Amino acid sequence: MSDNKHHAGHSHEEHLREKHLMLDPLPRGQMNDMVMESMLEKPTWKFWVVVGFLSFIVVYFLFFKWGVLIAKGQGEAGVMRPDYWGIFLVNTVFWIGISHAGTFISAILRVFRAEFRRPFTRAAELMTTFGLVQAGFSIFMHMGRVWLAYWLMPYPNQRMLWPNLHSPLTWDLLAITTYLLSSTMYLFLPLIPDVAMARDRSTGWRKTFYKTLALGFRGTEGEWTHLRNAMNIFAFAIIPVMFSVHTIVSWDFAAATRPGWSSTIFGPYFIVGALHSGMGAAVAVLAVIRGTMKHMKYFIRGEHFDAIGKLMLIISMAWAYFFFNDYMVQWYGGDKWTQQLLHFHEAGPMGWMWFAMLVCNIVIPWAILWNPKWRATPWLVATVGIIINFGMWFERYIIIPISVTINRMPFTWRLYKPGIEVPMGIGTLALFILLYMIASKLIPLIPVWEVQEGQMAHELKKFGRETVVSVSELE
Amino acid sequence: MSNKFSRRDFLKLAGVGAATTAILTGCGPASRFVKREPYMQMPEYTYNGLSTYYATTCRECAAGCGLVVRTSQGRALKVEGNANNPLNLGKTCARGQATLQGLYNPNRVRGPIKHTRGERLYTADANPFQDEFADATPNMDWDAATQAVADALKNHKPEEIAFLMGMAPDHLFDLVTDLAAATGINAPVRFGALSMFESRATLSQAAENLFGHGGLPLFDVGGAEVVFSFGANFLETWLSPVSYTRGFAGLREAKTKQRGTFIQFESRMSSTAGKADEWMPIRPGTEAMVALAIGKLVSDARGITVPHAFSDVDPVVVASRSGIALATLQHLAGIFANSTAALAIPGGAALGQSNGLAVAEAVLALNALAENFGRHGGVFFSALAPNQTEYQRPASAREMQEFAQKMADGKFKVLFVHGVNPVFELPASLDFKNALKGVEQVISFATFPDETAFESDYVFPDHHSLESWGYQRVVTGPAQSVLSGAQPVVSPFYDTRATADVLIAAAQLAGGEFATALPFTDEVEFLRSKIAPLMEEKQSFFSAPDLNTFTAYFQQYGGWWKTSDGRRVPNTSNALGREMSPAEAKFAGEGEFFFVPFVSPTMAEAGANKPWLQELPDPTTTVMWNTWVEINPVTAEELGLLDDDIVKITSEAGVLEVPVYRYPAIRPDTIAIPFGQGHTAYSRYAEGRGKNPADLLGQHFNEAGDLAFAGMKVKIEKTGKQQPLSRLESIMGVYGVGLGEEK
Amino acid sequence: MAIELKISEVKMSAEQSGKWGMVIDQDICTGCQACVAACAMENNISFVGEVDSGYGRSMHWIRIERFWEGEYPEVKMTANQPMLCQQCGHATCEPVCPAFATVHSQAEQLNLQVYNRCVGTRYCANNCPYQVRAFNWRDYKRPEPLSNQLNPDVTVRRVGVMEKCTFCIQRIHKAQDVAKSEGREVVDGEFTTACAQACPANAITFGRVDDPESLVSQLMKQSHGVKHLEELGTLPNVTYFKGG
Amino acid sequence: MIKRLIDWLKKPLGLIAVGIAFLALFSLAAYGISLTQTAPAQPVQFPHKTHVGFGIQCLYCHPGAAKGPSAGIPTEAKCWGCHNQIQKTQTSALLQPLKDSVISGVPLQWVPVAQVADFVQFNHRAHVAAGQNCENCHGDMSKVTVAENPQVFNMGFCLKCHQTVAGDNHELLVKLTDCGTCHY
């Protein structure tokens, strides 16, 4: 797209425009058309092959195997005494972690007016919702009698029975439900102008679909004011929800009496970990969108990867701090079982995973993301993102099944061997990707109005010989 | 509902509806409504929902502990100990507890079967959770069965008829003994793998040699201060484990005296040795000289003349041969000498060697030195059971060899087998299975489809012990003279019949002297005839004016016993005067390892068909559901063996492949395998599980005729195969394997 | 609301001491497994087969632990340690159950496991420092006719449910019921748990710890009694006499 | 062919047919579900009201209720003990199953009406001893022929009564609302 704008001009200015989406404005109509085109583009056969493949995995590995699990019991999984918790909870924490990036990018960066966020807030918010769906699936898979899961909900009954509000799992359920509901709403609000746009540009069932979703949005000043207010309220409100969710997830472990778990630093440690994996996942998703969908190279540029890369680097450093903080606190705690556990982490049969975690989460991000050039290379940053996700999955694996191997009764120590969890975990990943693929064909992945809003606010001003980017304050 | 719409139609429609429901609701609540059958005629002492308790006798081993079984509505629910019975005082062992898993075993013989030798009696599916029956269907009725037994008795010469029975001296043994005495058929032979591993013949013979009078010694562990046990695994399966365990508790529970000291001399640490204050990993074969050396050192410590028995031994040589340092021997002798109530017990693998008799004599001589005979905490002869005049010991292995030889030679035309499974329990080298081929007709009374039943021509299943009448003499354990009584606690679950009833009926059918030998209408009448003389006895736990009341009490209390001490004091005048040989045992076979088979403490010889006994962890290794070989970790390292590696063990008699358990408490030159598994029949829980160490045993005996089961040397080879052993313990937590702390 | 408040008051005062307790003498425990078998027979515990039992899925409510000290020939087997639910006064399993399936019995001062309320999150088992809870990993079937021996006083657990030692609460209830029908209090030693009843060495003593006259209270006063992991503040109700 | 069928199904008559088929299937399913909630027939149409009308006490036939956990169904010997002496009932067609059963020795198969789930340990004795009359839970048997369950025995039913009985007696309330009182 930027090709036809190649006319002679000031080279620095040109460079800035090429680099920054905000300084490279296109007419609203043209951007709308680009987004619509990318969405309505007829899928290639490859798309259908991938969808078919993923659907098969979802149906067989997720739902069929789940049926087997329910029919035969948790014995199909690798859990036992003392590893009562296995990969299902690893995946739960993992997916909740991933879901944090959406809110972080969308809400925190919105609140802090980080302008580079604009083109990909939608993709990130989708990640929140879709990730939470997988987390929910994973935690339900974990339950021995999932058909009675509704007992965890407070509802009036003649038995005078309520969920136990002492239990971190009850807090968890409430937190995750709140988070799922609020993040879905927070996904929906910024979507309204875009579906309204799509409604005006589509026919047939899509028109009905968008019409329903758009809630009659016409873009009047009043509507925009209300929408902006609502989004602002949500952006502020969802941040504490986000922080609370992963803190509460961490309390599942921190509130327990197990060695290695009862750690006061777990709350922030988990949140930083969640952002770490979430940013990694977000950047991978962006790279895929940019690579596979039409016109996306205009919207998602190196500058975005660069900006997220910087964030990833900082978060990686924060994670490293919290990791060693946690380690030190536990080490100096002097409890013999905890020391045994820390030793087991690195020297035990799963020690490779402990070191791989450190390499994936610290060494590789630090080695690559410090370099601005590499940082602006989409595939490289995306690869780092995926590696970080492996590292973070390892981290949760170490915290859950490996740590519970060591308890205060050495007579029971036993190493966990996963069973049906592996295919079912792959099933959740497939469902996550599948939902994204379906969403890419149904809703505009780029919030055009937000991009345009940004572009309107940005301009290049000349002060003397210097070209300076100025951003006008938006109402 | 109209009359035209019949009930049948209604049910059809209901069926369609139910099917639809099942599909639509995903097979929801399966059977919400059940049917209940009331009693036709309820016994007046019972109420619905309230349990009835019956006293009976445990038949899982030959000890004869009293049980009280909780029943409800015709089902046996729980086995508890009979607190009245002086043998076990309300306690039971694990095997007793699991009796019910035998009663309700899914693979019992369900009725009389005419059977082709070698054919299976149940299908081979070993799925422990499968629900369907797969047992052989009974193909004859009991009249025909009785006729078959009668024919077998009538149509053969008396000397061609043999009875092989279980170890327990019970009413059936008395019945067959009476029959044999009256008709001239061969006297019944009693045998059990436990008696083989306990070396009862050796104990009795040693007592005879020393005291001039045979019998089973009783060791009052509870009253002693110091106990030296030479291989006796009295906390596991030895003689009467429940009463000896109570004795051990008495030794340790310091109520009136110091906490007793317990030293075990054994080449591997058994679970008995695990409870010892000091375990002496003695070199196999040197038990006799160690006992004699201690005797000598005790004499020295006491400053008395060394008795003749201990004069031939040189403690310095003993120290070098046995692997116990001289200082340790002196220290032990000091402990023994300084105690006023010291006790030495011979047993287990120490007796199952070529010099087993010498070991038993030497250890008994130690007791003579301690002058503990007839004293609290000393050695007695066990009280004889009420209707017993002398100790009737089960057949020794050599007698079994002779028995098998007679079978193979065709001397026996008919063999009746009851309560024992010789094909499994005897060493494979004795080849009982082939010897059976020399017998024209083998009639098994097996309750369970065991290996011997598979090789029989008829299987006429006896009731399970909880469905049976009877009594059992208590051979050893309590101070009193005890006859444990048995009665059915539930009605027979299958079409089985009491063997005593079958024999009585068959004897009547056979007529002649058979009929006069057993002039009873049924088993119960026979029992009453045997119990009746007890009414005359003095110092009885209960008495009654007439036989009916007496029998009722007999059932209610679970037997009959005296209130007085019936233990006899051995005559020890010559005990220390005998010359005793400090020679080492000889070992058969080539190989670098001493081989010690031991009876699985949880399973014993007949527990393998009970799933919960299979799932009980072994007390020392915590292995479940399988057989293992114990090898010292140092030896294992030298041989390049890790846990779960399968090794091939070769003896002169056979070969066995068993997974390794690196056992830290066994001599590096010794390996040990538990006995109890390795069945090729005996229900889905037992079959194909583990290995039978009896396959490795050769035909070597000690002087008393007991099998020298611990007198073999074997070779070990690594096979490269692996089989993970199911352990309750954590290898990581207990042995530090896999924690990253290995060298 | 009023009811709940009162209940919590009871709890505060009852935390000082339990009601039922056990003393286990490790010195005389021979590790013979009679208690394990008796418990399984009394409480309808499933057997799980070779593979699952080797993978830490055995359902023993009581297990006997033993370790090793030293190396051959100075090796010693540590005293057998029967490990069962300690019926903590301040149990770590209780607060973490989201469904109140594992709750403290105010009446009997036991840690209850309400099978029919359990949804199978397994948090309680994870949080139990003694690792004495058993989970029904599968529907372990008892082939017919083995099911005939099922104890009608104890619920047969199904797949996906946590279970553990109950101190034979069915026997407690039965004894109380009998005593009440005869208009008296339960006498010490009138009944006992299945494990204590079977133990050939009499190493297990069970009874009221809130009755200073009971045998178990007398034994608990002995100086060599220890409670496991007491430092966690779990207030266990099982006292161990260490061996030797 | 199929196309014509589909075309027809789209017409009003076809739509009605689809509707009817759907309703039929739905009703069959609903009926099926209700079947699982309906007890099968009793072997004898036992008239409770007649027996109660003769003044026979509940505990005469169900003595277990005062002794232990289970009230129990009377033995056939007990039934026949009376009915054998009554001319009319010796020949009654309604009682033929009982007579057959007594002669053949094959017990009748009754369908229990009042049941609690298997995870509830209910003890009749304690309730009878506490002064609860049978009809408090089982309804007035003098009004019914074949026994029916007047209420669902669910936890709410039990708890409501337990709370009422306990009243202000706090210790009793704790005992009666303790999970371990019924579930173990």
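Note that the chains are named A, B, C and D in the order they appear, and that numbering of residues resets to 1 at the start of each chain.
Criterion: contacts are C-beta pairs under 8 Å (C-beta built on N, C-alpha and C of every residue); 3 or more make two chains touch, one makes a residue touch a chain.
All of these numbers come straight from a predicted model, not from anything done at the bench.
> What pair of chains is linked by the most C-beta contacts?
The chain pair sharing the largest number of C-beta contacts is B-C.
> Based on mean C-alpha positions, I'd like to know which chain lies farthest from chain B.
Computed centres place A farthest from chain B.
> Of the chains shown, whose Cα centre falls closest to the middle of all protein Cα atoms?
C
> How far is the middle of chain C from the middle of chain D, if each middle is the mean of its Cα atoms, in Å?
Centre separation, chain C to chain D: 36 Å.
> Just the number, please: Cα centre separation of chain B and chain D in whole Å.
Inter-chain centre distance comes to 50 Å.
> Roughly how far is chain A from chain C, centre to centre by C-alpha average, rounded to an integer in Å?
For chain A versus chain C, the centre distance works out to 44 Å.
> Using CA atom averages as chain centres, what separation in Å is found between chain A and chain D?
55
> Which parts of chain A, given as residue numbers and ranges, touch two or more other chains?
409-412, 414
> Out of chain B, which residues touch more than one other chain, so two or more?
As it turns out, chain B has residues touching two or more other chains at 49, 728-729, 734.
> Considering chain C alone, which of its residues make contact with at least two other chains?
Counting only residues that touch two or more other chains, chain C contributes 55, 63, 65, 67, 100, 117.
> Classify the chain contact graph as line, ring, star, complete or other.
Chain contacts: complete, every pair touches.
> Within their complex, state which residues of chain A touch chain D.
So the residues of chain A in touch with chain D come to 157-160.
> Mind pulling up the chain A residues that touch chain C in the complex?
Interface residues on chain A, with respect to chain C: 72-76, 79-85, 142-146, 148-149, 151-152, 161-164, 166-170, 173, 252, 255-258, 404, 407-412, 414, 417.
> Which of the residues in chain C come into contact with chain A in the complex?
Spelled out, the residues of chain C in touch with chain A are 52, 55-57, 63, 65, 67, 83, 92, 95-100, 117-123, 125-127, 129-131, 133-139, 159-162, 229, 232.
> In the complex of these two chains, what residues of chain C are touching chain B?
25, 27-28, 30-34, 36-38, 40-42, 47-51, 53-55, 58, 60, 63-68, 71-73, 75-77, 80, 140-152, 194, 197-203, 244
> Which stretch or stretches of chain B touch chain A in the complex?
Per the stated touch rule, the residues are 728-730, 732-734, 738-741.
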